[in-house]
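As structure tokens, here come the structures.
The two complexes that follow have subunit A in common; it is paired with subunit B in the first and with subunit C in the second.
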Partner chain A sequence: MKSYLKLLNFEMNRLAKFLFILILVVFGIQIAGTVVISLGFTSEINDLMIRQGLTEEEVLNVFGKMTFQQIVISVFFFGTIFIAATSVLFYIFLIWYRDWVGKNTFAYRLLMLPTNRINVYLAKLSTILIMTLTFVALQIILLKFEIQLFEWIVPEAFREDLTVSQALRQSIEMGLLYPYTFFEFLINYGTGITLVAVIFTFILFERSYRVKGIFIGIGYGVLSILVLFSPFYINDLLLNNYFYTDELILMFIMADIIVLGSAIFLGHYLLKNKIRI
Partner chain B sequence: MIEVKHIVKKFGRKTVLKDVSFTANKGEITCLIGINGVGKTTILNAITRLTPLNDGEILVNGESFHPSIFEKVSYIPDTITMLPNMKIKDAMEFMNDFYKSWNQERADEILQFFNLKEEEKISSLSKGNTAKVNLMLGLALDTDFVLMDEPFSGIDIFSREQIADVFTSHLIEDRGVIITTHEINDIEHLIDKAVILNDGIVVKEFSTEEIRETEGKSVIDVMREVYRQ
Partner chain C sequence: MKKYWKSITIILITVLGIGTFYIQSYISALSLPDFKIETVEGDETFIENIVLVSEYVTDAENVDEYGYGYGQILYLTEDNTIYRNQLSLINEMKGIPETRERFLRDEYSSFFRGINMWNESIYEDEQYLVSADIVYNYYRGLSEGVKVKYLNKENGQTESIDYPLSSNNHLIIDDIQVNGDTILVFAKQWTFREDGHAKEAAYLYKFDMNTNELITTEELYVVEAEPDQYVDISILHDSKSWSPNDYVVYRSIMQRDEAVQEYDVEDEFGDGERVQLEDNRLFAYEVATGEMKEVNLPESLRDRFVNYFDGSNLYYVTGDVDELKLAVYSLKEDKIINELEIEYTKYDNARMPGYYMLTVDDGYVYFHETLVTDEGTSFLQVIDTTTGEIVYKGKIVPEKSDLQFEMFIMRTEFQY
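Now for the complex of A and B:
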């Protein structure tokens, strides 16, 4: 446990700079987007009222009130969520390969630590989870600030205010990141962690068997995904929607636990017995 | 004692180690000798489970591999095992964090011996100094055995002399050393035991002192005989 925590601390320190830059980029773009869209709207209403002499009511009839939803569904917002998601995906591979490839041969040291090698795997997995949760948490804080910014720029008469909680409910994608209930949160993030563990084990297949490992890893990945979502396929395709939603969710959780457990077990086996420098 | 028993290692269809067995004792310097590609590094990687074996067994003090082996065996590969952006000081802190056998006093002594500054960044070091830092990281662990892969490879003559001095210093003391090297001249007089590898097997394993006294031959003489056959 102590070694795991030390490794997690070490991985977090390595992540810090990357994460800091990413947060600056993502949040910089979001804030810029909030300002650009809000100013664009106010400049249009100013144009109508000052140049064309329309009244407040007439302008509202043309545009309606602006809500923060228009910002949430804009490219500035989705673009940054896409950047963040892609970066996490990139880091899932980087967290392993940076220690093997090129001049960096830190993999030697990681594999020569006097601790069970599964701690290396678990520390990297936890780092990805913490990285994701950091983004998700900071996004909530930033939303609060962005809503405030929006309210400063757009006059009260021309806007409809949203709370942070309402802003998070403006798209399906946001709903995935910010589920309604704690149970949904566990399911969504549990599935995410399982998929990351499957990718980690795929990487370890590749690192253990090189080219042959890519094919084994792809086979393993496909099998894992089939098992993970099997309750839904079976229910839809074979049983003609026989199960209740609660039963399906329960089966999905069990499949999730099986896939996550087998990914960690296989990862441990490969690190202990098959990995090579 | 490190016992290497009938190990076999294949890379694809090529069998690099066909059936290799030898032992290395504490208090002795054992040198693995062989031409490039004969599998010297693979043997060291196999002892530390950095490469899986197809067959055979390796025991350290009678025990098979377990992560705690790294408190008994330190491996110094021919490449730096720390992150390039680390300072020497950070690398030492890392070792201190993870290894019970880390000896900071010894680390400081080795730094002084090699005239290295702990504030220096690993990426800014010359090849010779990088090799010295690598050596420091391995030797500052209070382990029974030290494995060294080509410690003289690609470095200048002065650095080589400094590294060779380590073998006669108290930094080695009564530890067991397994070393692979092409630069046999630098350490021939220090070797206790030589294991000559060729074509995937051990062709000759001998005590250097014995062969010097009984046959009047140096390690290089024996190597020439083996490879000319």
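Now for the complex of A and C:
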């Protein structure tokens, strides 16, 4: 456990700079977007009221009230979510390959550490999870600030206020990141971490068998996805929808645990016996 | 410890951010108020089966502070308030407690395996539970057969009947009824034309529960359109699609093409009555006798659309905007048997179109104002359509009397 925590801390320290810059970029764009869109709206209102002499009621008839949703669905917001997601995906590969690439082959030192090699795997996996959840948590905290900023800029008469919780559920994509219940949260992120573990094991296949490993890894990845979602299509195609949705969710959780366990087991096996520096 | 500060900070932000968010959502959900239907007069057994699907809002002008969009969806029964967002995911997927779906899931969970229990093709009476489905070939785009499954509640036996279809193109099941030992499956078949439906036919498949075989197929009614005509046969749905009915009623309409667009546009706004149709007739099939007759409506109701149907009577909303009159037409007696005038509270609220909602079942009207406020002027009334007497009247109120709120009742459902 101590070795795992040390390795996790080591990975977190390596991540910190990357994460800090990313957070600055993502939330900088979001705040800029909030200001630009809110100011754009207020200047249009001012234009109609001052230059064209429309009353408040007439302006509301033209535009309606502005809500924070208009910012949430804008490119400033969605674009940053995309940037964050892409960065996490990029880091999933970077966290392994940077140990092999560069002047000194760091992987050699890492694997020579007097600890069980599974700790290396688990520390990297935990780092990706923490990185993702940090974005998710910071978004909640910063959204509060962004909503406040919006309320400072747009006059009360022309806006309809949303809570953080409502703002986070303005699209299906956001609903996936911030589900209603904690149980759904665990399912969504549990599936996410399983998929990351599958990618990790794919990377380890490639690092173990090189070009041949890419094909083995692809085969393994496809098989894992098939097993993960097997309760749904087996029920649909072979069992004529015998199971109820709640039963399927429980089976999906079981499949998730099996795929995650297999990925970690295989990853450990490859790290221990087959990995090449 | 010093060298761990970055990790500890990141993990703390993560745990506190997400933890606070979900704890806050949980506390908000728990703080939602309970409601009850407080009996003013009458027999409470009339509402033991009722579920009022509603939306609770704290302030109709603004969004609420809890979670979902504008309000919280709640299911109000005689003695229970169930908020959707208080349910666990698994509980919600089983079906909202105390609703029809959940009732079926709990009572007949093995019967409904492999069956879509949310469709219209389910029948239930004291002795039988029946479901029927079309076996559809998605590759060929054709209906290939009818699959009937039924449970005899007395002996607990489940039987299945598979009947292959030979030449049907497209078939949908409209209704199921049982007459003695015979299962009646009402289905509609149509053939397409580029500009609409060319031919529509109402079919009746009769299955014998003793032999589990098809007895006959009857063509109840057929309409064929000329090239510039639009035709449609549709069944009148009642508020309890699964219940035994005395009659199954079809509406047949025919319209010239140039008016089709007008009909569709008008219909989209739920105001089909204004369109002059070339032909607009009702046909009633009597389940007990197997006879089909054209409904001979009086002049005052002819060409109007039926507002409600309960399997025996047709209900038409008449009267001016500010008064609610309900003409009850008996299919058995072929005449208007009653005209009710229902008193209700009229709110000046623009959020919901219409001020009241009503549902009919088995000769009773279940009526309530759409809007419920803290003024305590919203009632659930059950009215006997034969006598016009109010057999139950209850007030919809919060458990905590000082609560300021607005609630919109979206629909009335029956559990069984």
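Here is the rule we use: the second predicted complex is superposed on the first by the 276 of 277 C-alpha atoms of A that agree within 3 Å, B and C clash if a C-alpha of one lies under 4 Å from a C-alpha of the other, contacts with A are read in each partner's own complex, and residues count from 1 in each chain.
Simple rule for what comes next: a contact is a pair of C-beta atoms (placed from the backbone, for glycine too) under 8 Å apart; a residue touches a chain by one contact, two chains touch by 3 or more.
In this text, all values refer to a predicted model and were calculated from it rather than measured experimentally.
After overlaying the two complexes on the shared chain, residue contacts for A:Arg276 are found with subunit B alone; subunit C is out of touch.
Between subunit B and subunit C, more residues of subunit A are touched by C.
Applying the stated contact rule after C-alpha superposition, one finds that A:Trp152 touches neither subunit B nor subunit C. Contacts of A:Ala16 after superposition on the shared chain: subunit C is touched, whereas subunit B is not.
Contacts of A:Leu138 after superposition: subunit C is touched, whereas subunit B is not reached. In the superposed model, A:Phe215 lies in contact with neither subunit B nor subunit C. In the superposition on chain A, A:Pro114 makes contact with subunit B only, while subunit C stays out of contact range. Look at A:Phe243: by the touch rule set out above, it reaches subunit C but stays clear of subunit B.
In the superposition on chain A, no residue of subunit A contacts both subunit B and subunit C. Residues of subunit A that touch subunit C in their complex: 8-9, 12-13, 16, 19, 130, 133-134, 136-138, 140-141, 160-166, 169, 178, 180-185, 187, 239-246, 249-250.
Listed in rising order, the residues of subunit A touching subunit B in the complex are 3, 6, 10, 14, 103-106, 108-109, 111-117, 208, 272-277.
Interface of subunit C with subunit A (complex): residues 3-4, 6-7, 10-11, 13-18, 20-22, 24-26, 28, 62-63, 65-69, 85, 88-90, 93-94, 105, 109, 113-114, 116.
For subunit B in complex with subunit A, the residues that touch the partner chain are 45, 48-52, 67-71, 75, 77, 79-84, 94, 97-100.
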